[in-house]
Amino acid sequence: MLSLETQMYILAGAVGLYILSSLIYAYKLATEKSVPDMVILVDSLTYDLAVFIVALSILTQNAYLAVGALPLAIWAYVFDIYMSKYLEGRELGD
Amino acid sequence: MSKAGSAFVVFLLLLGIYLVYTGTTNPVDVIAGGVAAAVIAALSADLVVSKPSKVFDPRRWVAFVIYAVKYLTVIEARAHLDVIRRILSPSLPVDPAIVRIPYAVSDDYAITTIANSITNTPGTVVVDIDTERKYMYVHWIDAKTTEDEGARAHVSEEFENYAKLIFEG
Amino acid sequence: MVTDALTLIGQVLGCLGLVLALVGAVNDLIAAIGFVRFKNFYLRLHALTVGVIGGTFYPLIGLGTYALFCIAPPLGYYVAGVSYVTAFFVLITAPAGSHAIARGAHRAGYRPEPAREDKLAKDREEGVME
Amino acid sequence: MMEAATLLWIYFYSVLLVTVFLSLYGVYRRPNVLKKIIMLSIFGDAANVLAVLMGFRKNAASPPVYPGQTYTEWSAPNSTQLQQFASAAVDPVPQVLVVTAIVIGLAVLIFLSAAAILLYRHYGTLDVRLIRQKIIEGGVEE
Amino acid sequence: MSSEEALAIIVSLAAAALLAVVAVGQGLVPVASTDLTPLARFYLLNVYNGSSQLWGASPEVITSILWDYRGLDTVYETAVFFLAIIATLTLFRDAKLLPETAGSGRGMTVIVKTVTRITFVTIPIIAASIALHGHLTPGGGFQGGAAFGVAPLLLITAFSLRLAAERGWSKGKLLTVRTAGLLAIGLIAVSTPYIIAALGGKAGIGYVMQNQPKAWAEVGWPYAIAYAGMRVLFSGTLLFLNLAELFAVSAGLALVFTVIAMPTEVLEKGGGVKK
Amino acid sequence: MFQGPIIFGLTVNEILLAVFLTLALIFTYKTLVERDLVKAVVYSGGEAVSYALAFVVMYAPDLVLAYVAVGLGIYSALFLFVITRTERYEKEVVEA
C-alpha cells in the first residue's frame, strides 16, 4: 500500500523517464541518415509520448488529456504502413 | 446465415470497444454505440469474420485465454530480460541472422497470430512472409541455428501449437 | 466488510499498476539506449519491440488499472477505457508496423550487416521468393 | 532582472516566430513545389500553436471542458463550481479558432497537392526554376 | 548548409527575438498571465450555467462555442471545406473509379492485411464515439471526421484501391453522403423558426442556428429528455450537428482519397484507361 | 486543483512546452534543409508529434484529436502520394 504522495512521486518519475527517452529518440531522429531508421524512431517517439500523455493526465488529474493517446498510437501504425509501401517502390493506391 | 453471424460477431466486438473506450455502461451509450456498431458491422463485417461459428466455440476461448496469459507473462518477460541484458552488456553480444521458419497453418488469423507473437517478443522480427511456400523470414538477434526446423523449434513452435488450437480446425 | 476488502484489493492492484508503469519507463529508457548502441536497422527493430511492448503496452495496462481503481468515476473509467483500448491497439498494430517497415527496408536494399546468414536475400536472388 | 517565467515566455514566442519565419523562408526560397507545400503546412501549424499559446495561462489546471459529465448521470453545476472551473480552465476562444483552422488548412493542402500532381504532369518537373525556364522557352502555354 | 540558409536563419532568429521582446515589452501578448480575458470568462461561466440566459447547455465549451455561439461561422467553414474538395475533384474530373483499372489488387502482406481488417472496422467506431460524445468530452464532428478519414487511406494502402472499388465505393455514393451531411447541417441551422411555426407559434421568432431559448426568442431545442428515470443530456442541436459534420467530413475525405489514390495513368489520362 | 511543483517560478507544463516547441523547431529546420523529400516528410511527422504534445500540455485535448489525425495521418499520406507521382529529390539551390 502506497500513500498518495508516493504514488505521485512514482508517476512523476515515470513521466521524467519518458521525457528523457523521448529526448534521446528525438536526438537520434535529428542525426539519423537512413529512412527506415527514421521511421522506427518516429514510431518509438510516438508510442513513448502516448504513454507520457496518459501518465501526465493522471498526474495533473485531468482525465480529458488522456484522449490523445489513442490517435498517437494508431496513427504511428498508419505512418508505418505508408512508409513501408513507399519503400517497396509501389504507388500507395496499388 | 453466415453473413448475419459474422455481422453479429463484429457488432459485439465493436460494441465492446465502444463501451470500453467511452468508459460508461449507461443505457443511452449502449443504444448509441449499438446503433453505430450495427451500421458499421452491416457494411463491412465480411472483411473481418468469414466463419462466425468458430467464435462461439468455448474450447477455442479457453485455449486463447491460456495462451494470452502465458504469452503476456512468462514468454514476454523472458524475452525482454534477454534483450535488455544484450543491450546493457558492454560487449553488445549479438549474433544476428535472417532465418527461414516454416509454418503449417492456413487461416489468416492464425498466421497473423504467429507472426505478431514472434514480432512482439523482443529478439525476433518477422521480416517477410511467403504464403505460397509457407515460410516466414525472421530476423533473429541471437541465431542459435540457421536450420529451418531447428529455428522453428526455438522460435515459433509454441505459438503455432496454440494458434492451431485457437483458429484452425 | 466485503466492500472494504474489495477497496483494499483495488488499491493494491492500482499500486501494482503504478509500479508497472515505472518499470515500463525504465524499459523505454533501455530501448532508447539500445537505439543508440545498435548500429543496424534490423537490430534496432528489437530495441523498438522492447520500447513498444515493455515500454508502452505494459505501462498502459498498469496506468489503466490504477485509473480504474484509484481515481473516482466517471473520470477514472474514462482514463482506464482510453488506456485499455490504446493498449489493445498497440498490441495488434505495432508488430504489423514493424514487420511492414522491415519488409519495406529489405526490399529497398537495406541489408542486415553484420549477419551470419540472410536467407531472405538468398531466396530472392534465386527467384523462389518474389 | 526579469523573472524566469517572463524569459521563458519570451522564449516561447521567439521559438514559434523563428519556426514561422523559417517555414516562410522555405515557402519563398525552396525550388521544389512539394517542399513549399510541406513548409506551408508547418507554417500553418506554428501559427495555430501561437494562437493557442496566447490562450494558455500560467495557473491553468484544466482544459475548457467541464469534467465528469455523461449522457445520463449529470447535474448542472452551481455557481461556486462554475467559478472554480473558470478559474482553472484555459481560454477556449483560440482553441475554437484553431479547430476551424486545422480543417481549412487540410482542405487547402489537399487542393495544393492535387494541383502539384497536375503541375508535374504538365511540365515534367516540380522545380519552379525549370518550370519558369520551360515557360520562357516554349512561350506561353495554351 | 549554404551561406544563404545560414543568413536566413540568423536573420529570422534575430527578427523573431526582437519581435518577441517588443511584443512582450509593449504588452501586446500575454506573458505568464494568470487571468482570463473577459470574453473567455464569459464563455466559461455561461456555457454550462443553467441559470444564465445565454447558456449553451453543453459542458464542452469548445463544441458549444463552435456550433452555438459561432455557429454560422462554422457552417461557412464547412462549406469552404466542401468547396475545396469540389475543386480537387474538378482537377481530376475525368478519372473514374473502376475495379479493373484501380490498382493491381495485390496489396501488402497477409499480416498487415489481417491487422488492417480489424483496424479498419474499429477506427469508425472510435470516430463515432468521438463525435457522439462531442458535447460531453473532448471531440466533435471535425475530430471524428478527421479520425475516420484515416480509415479509407489505411484500406487503400494496405489492400489496394481495387478492393474499395469492388466493395462498391464510388464517387457518386460518397458525394451523396457528403452532400447529405452538409444539407443536414443547413436544415438544422434553419430549423428553429420552422419548429416554432409548426408548434403554432408566431413565425419568425427564432433565429438561424438557435440552440437554446433566449429571452427574445423563447422557443429553442430542448437540451435533455427525461426517460425511464434518467435525464438524457444531448445539448439541443449540438449532437445532431456533430453527427452531420461527422458524415460530411468523413465522406469528403474518403472521396478525395479514393480519387487521389488512383493509378497515375488514370489520374492523368482520365476515364478508365487500360494499362 | 492540482498545480504540480513550481521550479524557479515555472510550472511543469511551461517547462514541457519549452521542450516540445524546441523539438518542433529542430524538426522544422531539418525539414527545411533536407533534400530528400521522403526524409522531409518523416521530419514533418516528428514535428506534428511535437506540436501535438505542445497542445496536450497547453490543455487543448480537442486540438490533439484533430491535429494528430491530420498532421500525422493525412498530411504524410498526401505528401507521399505526391512524391510517388513526381520526384523524390530536390535539386540544389543554384545561385543565380
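Letters A, B, C, D, E and F mark the chains as written, and numbering starts fresh at 1 in each.
The definition used in the following text is that a contact is a pair of C-beta atoms (placed from the backbone, for glycine too) under 8 Å apart; a residue touches a chain by one contact, two chains touch by 3 or more.
Given the structure is predicted, the values throughout are model-derived calculations rather than measurements.
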Given chain C and chain E, the chains that contact each of them: A, B, D
A-F or A-D, whichever has more C-beta pairs in contact: A-F
Chain separated most widely from chain B, comparing mean CA positions: D
Separation of mean Cα positions, chain C and chain A [Å, integer]: 10
Separation of chain D from chain E, taking each centre as the mean of its C-alpha atoms, in whole Å: 16
Centre-of-Cα separation between chain E and chain B, whole angstrom: 34
Between chain C and chain D, centroid-to-centroid distance (C-alpha), Å: 31
Numbers and ranges of chain B residues touching at least 2 other chains: 17, 21-22, 24, 26-28, 32, 112, 115-116, 126, 128
Per-residue multi-chain contacts in chain D, two or more chains: 3, 5, 8, 15, 18, 22, 25, 29, 55, 58-59, 61-65, 67, 70-73, 89, 95, 99, 102-103, 106, 110, 113, 117
For chain E, residues contacting two or more additional chains: 4, 9, 32, 62, 108-109, 111-112, 115-116, 118-119, 122, 126, 137-140, 142-143, 146-147, 150, 153, 157, 230, 232, 260-261, 264, 267
Touching pairs - complete list by chain label: A-C, A-D, A-E, A-F, B-C, B-D, B-E, C-D, C-E, D-E, D-F, E-F
In the complex, chain D residues that touch chain E: 3, 5-6, 8-10, 13-15, 17-18, 20-22, 25, 29, 54-55, 57-59, 63-67, 69-72, 74, 76-77, 79, 82-83, 85-86, 89, 91-93, 95-96, 99-100, 102-104, 106-108, 110-111, 113-115, 117-118, 121
Interface residues, chain E side, partner chain C - complex: 108-109, 111-112, 115-116, 118-119, 122, 126, 137
Chain A contact footprint on chain E (complex, rising order): 102-104, 106, 108, 112, 116, 119, 123, 126, 137-139, 147, 150, 153-154, 156-158, 160-161, 261-264
Touching residues on chain A, where the partner in the complex is chain F: 19, 23, 26, 29-30, 35, 38-39, 42, 45-46, 49, 52-53, 56, 59-62, 64-65, 67-68, 71-72, 75-76, 78-79, 82-83, 86, 90-92
Residue ranges of chain F touching chain E (in the complex, touch as defined): 14, 29, 32-33, 61-62, 64-66, 69-70, 73-74, 77-78, 81, 85, 93, 95
